[in-house]
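Just so it is clear, A, B, C and D label the chains in written order, and each chain counts residues from 1 on its own.
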Amino acid sequence: MDSIYIYSILSMGGIGAILALGLGLAAKKFHVEVDERIKEVEKVLPGANCGACGYAGCSSFAEAVIKGDAEINGCPVGGNEVAEKIAEILGVQEETNETVKAQLLCSGGIKETKKISEYHGIETCKAVNSINGGTKSCQYACLGYGDCEEACPFDAIEMSDNGLPIIDKEKCTGCGKCVKACPQNIIILAPEDKLNHIRCSSHEPGKVVSKICEVGCIGCSLCVKTCPVDAIKMEDNLAVIDYDKCINCGLCSEKCPTGTIEFNGRLIEKVVITDQCVGCTRCAKACPVNAIEGELKKVHEIDQNKCVQCGLCYDVCKVDGAIEVTYKE
Amino acid sequence: MNNKQLIVTSNPHIKDSTSVEDIMWTVVFALVPAVLAATYFFGLRALLVIAVSIIGAVITEYIFLKIRKKEIVIDDGSAVLTGLLLALTLPPSIPLWTAFLGSVVAIGLGKQVFGGLGYNPFNPALVGRAFLTASYPVLMTTWVLDGTSTATPLSYISNGELIEIWDLFIGNIGGSLGETSALALLLGAAYLIYKGYINWRIPTGMISSVIVISFLAGANPITHIFAGGLIIGAFYMATDMVTSPVTKKARWVFGIGAGLLVAIIRLWGGYPEGVMYSILLMNTTVPLLDRYLKPKTLGVAE
Amino acid sequence: METKISKLVITLTVIGIISAIALSFVYQWTTPYIEKHQAEAQKKAINAVLPQAEEVKEVEKEGQTFYEGYDSNGNRIGVAMNASGPGYQNVIELMIGVNINADKIYAIKILSHEETPGLGARINGDEFKSNFVDKEFGDYDVVKRQAKTEMEVEAIAGATISSKSVTSIVENAVKQIESAYGGGA
Amino acid sequence: MFKKILYDFKNGLWRENPIIVLVIGMCPTLAVTNTVQNGLAMGIATSFVLLSSEIVISLFKKFIPNNVRIPSFILIIATFVTFTDFFLKAFFPDIASSLSLFIPLIVVNCLILGRQEAFASKNPTRRAIADALGMGIGFTWVLVLLSAVRELLGMGSIFGLTILGSWYQPMVIMILPAGAFISLGVLVGFMNVLKRRGN
C-alpha cells in the first residue's frame, strides 16, 4: 500500500474520530432538555412563518405554546383544525367557541354622521386622528381612511362606499392586526358565535349623539333593561355588551330605538314546553325572568306573560323535543 | 354640502405651494449656464449628448410608467433633470448611444425599479454614470478638448503637472461636459440656494471636508475644489431631495462624509475621481442617518 | 434520542476512512495528468519568454528558482523566472525572460491576473507587453502618452494602476536576476 | 410511484428551481457565470456532486446518527468535490484554471447540503436520484442562461465564439460581479412574471 493511502486514512479517519468524540462529549455535556412537544407542535403548524400570531415564526410560536405564553388557537392561519391538533399534543381539551372575529363598533359612515371639516393631508386614519379626533362630527366615529384595510394581512377588510370597513367573516382570522391599527379603538375581537353587537363607541350624551349621528347609542338604557341576563351595561353614556354573558337572544337589538345594536340571529316568537318534559327543573333555574314553573319530575309550564322569548331554557334543556321554539320571520 | 367647511390638516404642514414640478424645472433652469458653458467649450456635440441623454431618460420613464400602469408624469421634469445631470457627467466625446443607454439605466435601474420618483435610494443620474463607467471604462475615461485628447485636471494633479486655476474655474479644461466650468455651476447653485431648493449644509460640509483633507495631505485645496465633479456633485447631486437626509444634523454628516470619501478616493484610491462613488456610498447611509440624527422632540417624556 | 459516543466515533471514522481511500485512489490516478499539464504550461511560458532557448535548466539561486535557457550550442542565452506582485484587484503573476548577456528583457508573459476586464486586463495584450520587449534593465517610468525614451513604459489608457503594477513586478524581477547572476556581468 | 418520481424530478426544474425560486447556491451563480463555458462546467460539476452525494446519503441515511449528521454529510460531499477537482485538473485543465477555487467551494454550496438535509436524508434512493437530477438540471440551465446573457452582452460572444461583430462595444459591467447581480435580478423578475401568467 502506498504511503499516500496510509497518510490519508490516518488523517481523515483520525479527524473523523476526534470530531465525533468531541461532538459526542459536547452533546452529553451541553445536553439541553428539549421538550419533544415543541417539535410536534411545529409539525402541525402551517409552516408559513407569516408572523400573524405575533411570534417570529412557526417554531417560536410552538415554543411559546408549550411554555404557555401563547394560546392554543393563537395561529390564525391554521384556525380550529390546528388548534385541535395542538390541543391533542398538549393533552388539553381545546376550548371550543374560542375563535374570535373582528367587529366594528361603529356604524356611522358618511351617510349617518355629519362631516364638519375638510381634511387635507396624509390619507391615513392615524394622521387624521391626530387632529382633534377626525373630520366627522362624532369624534368616536370611524375615520374612514382604511388603516385597518391596509393592516389586514388576509384581505378580509374592504372599505365600503359609505366609508366604513366591511369585515369578511370568512377571511377574518381574528389576528387582531386591525384592532391595533385603528387609532379610534373601535374595532374589537368578539367571539365568533355571538350575534349581538353594539355598533357604537360614542360616550357623548344622548342629546349630542342624536344630533350628530343617525345610528349612535343615545344612552337610553332600554337594552340594559331588556337584557334578560344582564349582559349589557351602561358605561359613560354608552351601552356595552359583555359577550361572556350574552345568550344571543336578540331582544336588545329589537328594543334599540336607534338601530345601534345589530343582531344576526333569529328572534324567537314563542317558546312552549311539550309533554316530553321530564321535569328536571333545569329550565326553571335558567330562566332569567322566572317565567317557568313546575315541580320536580313533572311537566313544566311557561308563563307566557312573563316570558321574554330569550330562549335560554331551550339552550339548557337536555331532553330532545321538551321545549319547542318558534322563530319570527 | 355647499356650505364651507373648516379645512384641517395633519402635520407636516405644507407651507407653500411649491410642487415637485416647480423644483425640478427650476433645477433644470439653474443648469442652463452649465449647458451653455459645455456648448461653448466642447462645441455643438455637447448639446447633442445632452439632448440624447434627456430623450433616453424621458422615453424610459414613459415606458416604465406605462408598464406599471401609473399616471404618466413626465412633465414633472424629474426624468428630464436626471437625463440632463447624467449628460453633464459624461465625457464630451462619448458616443451618443452610450449616453442613451446610460439614461435608460439611470431611470430604469436607478429609479423605476425601486418604485419611481421618491422611492429610489440612489441618485439615478449617478447610477447611470456608475453603470457606464463599469461598462465602458475606455469611453468614459477619454477626454477631448479642442479636438485633441487630454488628461483631466485630476490626472494632471496625480502626474504632478500644473494647471491654471483660472482655466479650471471658467472651465477651459478637459473633463466631463458639465463639471468643468465651476463658474457656470456656481451661478446656478447660487440661484437654487436663494430659492431654497437646495440645502446649503450638504455642499458646505462636502466641500469643506475636501479642503481640509487635501490641505492636510499636502495637496492644493483650490485645485481640488474646482477640478473634477466636486462642484456639480456637491450642489446638484448630493442635494437631491429624494436621496439625501432631511434633518440638519444628518445633512452635515452626509456632506462631510461624502467629502471625506471624495478626498480619500482622489488622494489614495484607485480612481482619479471619487465624487460619484462617494455620493452613491453616502446615499446608502441616508435612512440610518435620518433615523439616528432626529432632532429632539419637544414636550415628550423621555 | 441519546446516541452512544462509540457509535458516533465509528460512523464518522468509517466515513473518513472510506473517503480517504477513494480520494487517494483518485489522486494517484490523476496526479500524472495534472503534473503533465502543469509542466506543459510551465514550458510554454518559458518558451514564450525565452524564444531561442533549445534547452531549459532549472536552477536554485538565493532561494529563487530560475530557468536558464541554452541554445543548441550549449550557450546560456537567457534566464527566466516567475514573478508576482500586487495588481489592482489581486496578485498578478507573470513569467519574465531576460538576456543577461545584453542586460535586456526578452519578453514577459502574464500567467494569472484578476484585473478589470476591458481595462487592466489589457496588460495581457500584445500592445502593452511589447513595451518590455528588448527593454534595457533599469528603473522605468510609466507615462500616459507614447513612450519616448527607452526607460518609459506606455500605460494602458484608464488602467494606470495595472500598468504600474506590472512595471514594478518587472523591475523587481530584473533586480533579482541581476543580483543572482551578478548584474551587468 | 413513477408519478411521484417524475414530480420530484420536475420540482427542481421549475417550481422549486434552486436559483430563481429557492435562491440558494448564489456564490457560483454570481461568480462564475461570466462565460457560458464556465457556467455550463460549474452546473455539471455541481450536479455531479449533488447526484453522487444524494445517492450515497440516501443509501446510508439509517446508519448516520443524528448528532454527526452534518459532519458526515460534509465529509461525503467534500469527497466528491475533491474528486471533481482532481478530475477537472487532470482532464480539463483549461476549465479547471478558469473555475479555479470555485470548484472546491462547491463543498459549501448550500444547494448541496440543503438538499441532503431536506431531501436525501428523508427519502428513498430512487426519489433522491430524481430530486438530484431535477435540482442539478434546474441549477445548470439557469447558470447557462445567465452566463449566455452575460457573455453575449459583456464580450459579444457565446462559448468564446464571437457572435456580435466588431461594431459591438462590450458592456464590461456584465462580466463583473455587478453585472451578475443585475442580470440575475432581471431574470428572477422575468421568471416571476412568467409564473404569474402561468397561474
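Assorted remarks:
Everything that follows uses one rule, which is that contacts are C-beta pairs under 8 Å (C-beta built on N, C-alpha and C of every residue); 3 or more make two chains touch, one makes a residue touch a chain.
Computed from a prediction, not measured in an experiment: that's the story for all the values here.
A comparison of the A-C and B-C interfaces places the larger number of contacting C-beta pairs at A-C. Comparing per-chain C-alpha centres with the mean over every protein C-alpha atom, the closest match is chain D.
Using the average of C-alpha coordinates as each chain's centre, C ends up farthest from chain A. The mean-CA centres of chain A and chain C are about 75 angstrom from one another, to the nearest whole unit.
Centre-to-centre separation of chain B and chain C, using mean CA positions: 44 Å.
Centre-to-centre spacing of chain A and chain D amounts to 49 Å, using the average Cα coordinate of each chain.
Centre-to-centre separation of chain A and chain B, using mean CA positions: 54 Å. Residues of chain B found to touch two or more other chains are 137.
Shared interface positions of chain D, i.e. residues touching 2 or more other chains, are given as 67-68, 71, 75, 172, 176. Across the assembly, chain A contributes residues 12, 16, 19-20, 23-24, 27 that each touch 2 or more other chains.
If touching chains are joined by edges, the resulting network of the protein chains shown connects every chain directly with every other.
The part of chain D that touches chain A in the complex is made up of residues 67-68, 71, 75.
Those residues of chain C that touch chain D in the shared complex are 3, 7-8, 11-12, 15-16, 19, 22-23, 26-27, 29-31, 33-34, 37, 41, 116-119.
Contact residues on chain A toward chain D in their complex (touch as defined above): 12, 16, 19-20, 23-24, 27. Chain A contributes residues 115-122, 127-128, 130-132, 135 to its touches with chain B in the complex.
The touching residues of chain C, when paired with chain A in their complex, are 3-5, 8-17, 19-21, 23-24, 27-28.
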